[in-house]
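Structure incoming, see below.
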Amino acid sequence: MTDSKDNNNQKLSGWRLKIHEIIFEADTFWGKTFDVVLLIGILLSVLIVCLESVVEIRAKYGHILKIAEWTFTIMFTAEYLARVLSVVRPSKYIFSFFGLIDILSIIPTYLGIFFAGAHTLLVLRIFRLIRVFRIFKLVRYVGEAKQLGMALRASWAKISVFLIVVISLSVLMGSLMYLIEGRENGFTSIPKGIYWAVVTLTTVGYGDIAPQTVIGQTLATIIMIMGYGIIAVPTGIVSSELVKSHKKEITTQVCHHCAREGHDIDAEFCKFCGSKL
Amino acid sequence: MTDSKDNNNQKLSGWRLKIHEIIFEADTFWGKTFDVVLLIGILLSVLIVCLESVVEIRAKYGHILKIAEWTFTIMFTAEYLARVLSVVRPSKYIFSFFGLIDILSIIPTYLGIFFAGAHTLLVLRIFRLIRVFRIFKLVRYVGEAKQLGMALRASWAKISVFLIVVISLSVLMGSLMYLIEGRENGFTSIPKGIYWAVVTLTTVGYGDIAPQTVIGQTLATIIMIMGYGIIAVPTGIVSSELVKSHKKEITTQVCHHCAREGHDIDAEFCKFCGSKL
Amino acid sequence: MTDSKDNNNQKLSGWRLKIHEIIFEADTFWGKTFDVVLLIGILLSVLIVCLESVVEIRAKYGHILKIAEWTFTIMFTAEYLARVLSVVRPSKYIFSFFGLIDILSIIPTYLGIFFAGAHTLLVLRIFRLIRVFRIFKLVRYVGEAKQLGMALRASWAKISVFLIVVISLSVLMGSLMYLIEGRENGFTSIPKGIYWAVVTLTTVGYGDIAPQTVIGQTLATIIMIMGYGIIAVPTGIVSSELVKSHKKEITTQVCHHCAREGHDIDAEFCKFCGSKL
Amino acid sequence: MTDSKDNNNQKLSGWRLKIHEIIFEADTFWGKTFDVVLLIGILLSVLIVCLESVVEIRAKYGHILKIAEWTFTIMFTAEYLARVLSVVRPSKYIFSFFGLIDILSIIPTYLGIFFAGAHTLLVLRIFRLIRVFRIFKLVRYVGEAKQLGMALRASWAKISVFLIVVISLSVLMGSLMYLIEGRENGFTSIPKGIYWAVVTLTTVGYGDIAPQTVIGQTLATIIMIMGYGIIAVPTGIVSSELVKSHKKEITTQVCHHCAREGHDIDAEFCKFCGSKL
């Protein structure tokens, strides 16, 4: 990894290398400053899109917001071009996840000239916030994110089993409620019933559709108590996975013989080859 | 188990054996393909029933949906007959859990000719989705499902104690609210009050019935804070049970030398004395 | 304990001893049968009170329900008298927790002759259901209930710290919302605001009162995300306490020297006196 | 710490020292009594502010409440002056966190003479309740609070990663719903959409804004099921952190003989080799 990266950097000429270090990395002072400024810019530009959608604010400050939006778009366009120029293989960046997000977060403003409403898509800029984790790379945040991610990935099989059960249950309960309550009580179709079942099982409970008949309310009561137990399952899965990862966290030593990790803190001998640690 | 199964298979003639392997098992290529196709079919047929219940869609595409429903029903009927034929003792399959589900998922269409509305019962087909776990048997999903199931079964005694407490509490709180709020505020009967208490304790909170008087709202506040603590209990039970099952996953072997336990499942040498396990 | 109990039983004459064994204990066949019948009776009598509160049902079956209520009340009165007679010191039973519950669950019917509405208090009978745990004494249920209870008691200090924080937060947030939203948006007083804050923090969310102004909705958003984190705390407390109790569960051995329990599963020597286990 | 405190106390003259001990400490009988009385006073004064905001109560008992409020304010003012006088460096107390809270909880009444409505700020007095933890210092409550606080601080990095994900998700989902549902269904602006997304993700679900279109309800269903998984994460984090802290509570000492760790806090002898710890 480090070798290929050095190679890439060596291919870059003086000013391109400098721009690359500032824009793509967060190890130097200027690189970190650039990322912080970029994040503030992203947050502000998202805020502007949000404010512009409020009728009263647009009526009053519409002009200023329009100027601010264009300023940010031009700045982000310049940044995008700088990114393309300071990379050894531009096509690789352009079609990467971040490259696509970056272009998607500037195009809507230009499209907005021709198509009304297109600029609402600017909210896609919020995706650029994912870069925030790069700044934190220097700190311990990425380790924590990785641990969380690992715990979630490890429990993926369990969670997918759980999701199939929840969805099947929702379909069944939604259909039953459609049969019991019927069109006159808001359950106008099976999909509507399923929507109600999910709203209830997840304990959201809008109340826009609620059972009216005695049988419907009885069934709803049973579903709610079931939902009580069901909500415990994903929580239990994630908790136990994190407890497990904590335990694994303790293991640090590497065997001198077989160079394998994963020994317990109370281990005196390598559990794979039997040599003393 | 394997013996009796081999026996059964030997009793089946050539084509029946082949059909049995394809329909009932998921170990061969064709067996797995059949199951995947079947699952997609089940999902599509449930989707059709859902769509048919939407008035607007039925008005427009009612004819196509009717044809699709009949196509699926005929296919499922053929599959059902194939299952009956390819089994050594058909009566055993017919009255098994899956056999009953399979017949229940085709009958409603035929009943629909004579009785209007009967075909809504087709949603029972969703139960057939439980077969999905058989495909996953090959992968590690079933192990995870088993672990989840074991954790839930192990915590069943604790959860049933918890459920009795919650239900008693709901009955009591519902009756109290019926006395406090009375008919004019929506609490028209004790069952209605119990329904409200469950809606509140499970934090669903539809808002179709809500306390209006000061005393009622004070009691509701206390119930909600109690519900806060109560929801922690099933989660804690499942979490601790899963943590426990994780621990079991790890410790199994005992060292022959020092007779000490606590080795990881991937350990080959004792971590305390270094002798081979 | 066993001595004093033997003493008490010896003091009882033949038929009183027999009644005592049937009514108060669940170790013999008849004792268990009596308890099961009693529980079914309690459930039915509570169900009758519930049904009687429904206007339509009372209009139709009011007469039958009245008779059923009186039948159960007379049966429970007989049972109460039998309990008083079959106990060595009746006054001790009469003023015990169960004694008071038992008398409270029959009085309302008699009071109902003189005061209308008094018989709604019959729902207090549900408290008698707590006896259900006595039947389960024979099975492992009580052990589980004890473990749950111990975990809750052990985490009581943590939970009370948590409750003080939650209540302070609710008072503060409720007052702020009263100031921000004001009377015209449903926040008619500070207590109403506190009620709203609890409804929101516990994620119940009736929606009978909801913020209308932009500042109010912003504050509500912050409260909800805080509530997200807050709901994790009691769950975490109970989970960790139950995990801890599981760990304790593993310790079984008793030291031959000092006769103290609580050793780890991997302990070879008593941790209290140092003698070999 | 103790030295500088002794120094401070020695500088105080006779009656100032006595007042200091009563007001600022909770180790002596009078000190504890003072704190308990103070807490009751704070609770009562907050209750009065709450009651005064109820129109009906103010109309009836407004005069009494006014007198009570002034009584508490004068008492708290006297207490504040006593605190200032009995401290060696008054400026240090005045500008401390508690000093500011103390002055903020008496000023509003005086301001209320000149500005109507100012006295609603008296609810700030609830902050003074934080002192309650000082009384509990004598008991084990502070230890528990510290353990909870430590667990929360330890999991702060994980929780902040989680919060960034949740907020990004809310912004994106809110914008999508604004585009899908539009102004006519209550989603009048992107901030309103974000408000809805938070209400849904946190499972509060007021129902003041709810999706009406089929696409909107489908997206809402997906968001709710996601929210189900998401709510598991903070709970899992806190649980695992508390489990970890429990484990720490146990392991401290190392055996001098075999240098092995993992002994319980109540262990007197090494559980591995039997030598005294």
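By letter and in written order, the chains are A, B, C and D; residue numbering begins at 1 in each of them.
We take it that a contact is a pair of C-beta atoms (placed from the backbone, for glycine too) under 8 Å apart; a residue touches a chain by one contact, two chains touch by 3 or more.
Because the structure is predicted, anything quoted here is derived from the model rather than measured.
Enquirer: Would you mind working out whether chain A and chain B touch using mostly the same residue numbers, over half shared, or mostly different ones?
Expert: different
Enquirer: From the C-alpha centres, identify the chain that is farthest from chain D.
Expert: Farthest by centroid: B.
Enquirer: If you match contact pairs by residue number, which of A-C, A-D or B-D shares over half of them with C-D?
Expert: Equivalent chain pair to C-D in A-C, A-D or B-D: A-D.
Enquirer: Select, from B-D and B-C, the pair of chains that is joined by more C-beta pairs in contact.
Expert: The comparison resolves to B-C.
Enquirer: Mind checking the centre-to-centre distance between chain B and chain D? Centres are C-alpha means, answer in whole Å.
Expert: 41
Enquirer: Centre to centre, by mean C-alpha position, how many angstrom separate chain B and chain C?
Expert: Going by mean C-alpha positions, chain B sits 29 Å from chain C.
Enquirer: Can you list every residue of chain C that touches 2 or more other chains, as numbers and ranges?
Expert: Residues 191, 194, 203-207, 231, 235-237, 239, 243, 266 of chain C touch two or more partner chains.
Enquirer: Help me check something: in the complex, which residues belonging to chain C touch chain A?
Expert: So the residues of chain C touching chain A come out as 203-207, 235-236, 239, 243.
Enquirer: For chain B, which residues count as touching chain C in their complex?
Expert: Chain B reaches chain C through residues 157-158, 160-162, 164, 168, 171-172, 175, 178-179, 188-191, 194, 200, 203-207, 210, 214, 217-218, 220-221, 224-225, 227-229, 231-233, 235-237, 239-240, 243-244, 260-262.
Enquirer: Which positions of chain A touch chain D when the two form their complex?
Expert: 46, 49-51, 53-55, 120, 123, 126-127, 129-130, 132-133, 140-141, 144-145, 147-148, 151-152, 159, 163, 166-167, 191-192, 194-195, 198-199, 202-208, 231, 234-235, 237-239, 241-243, 245-246, 265-266
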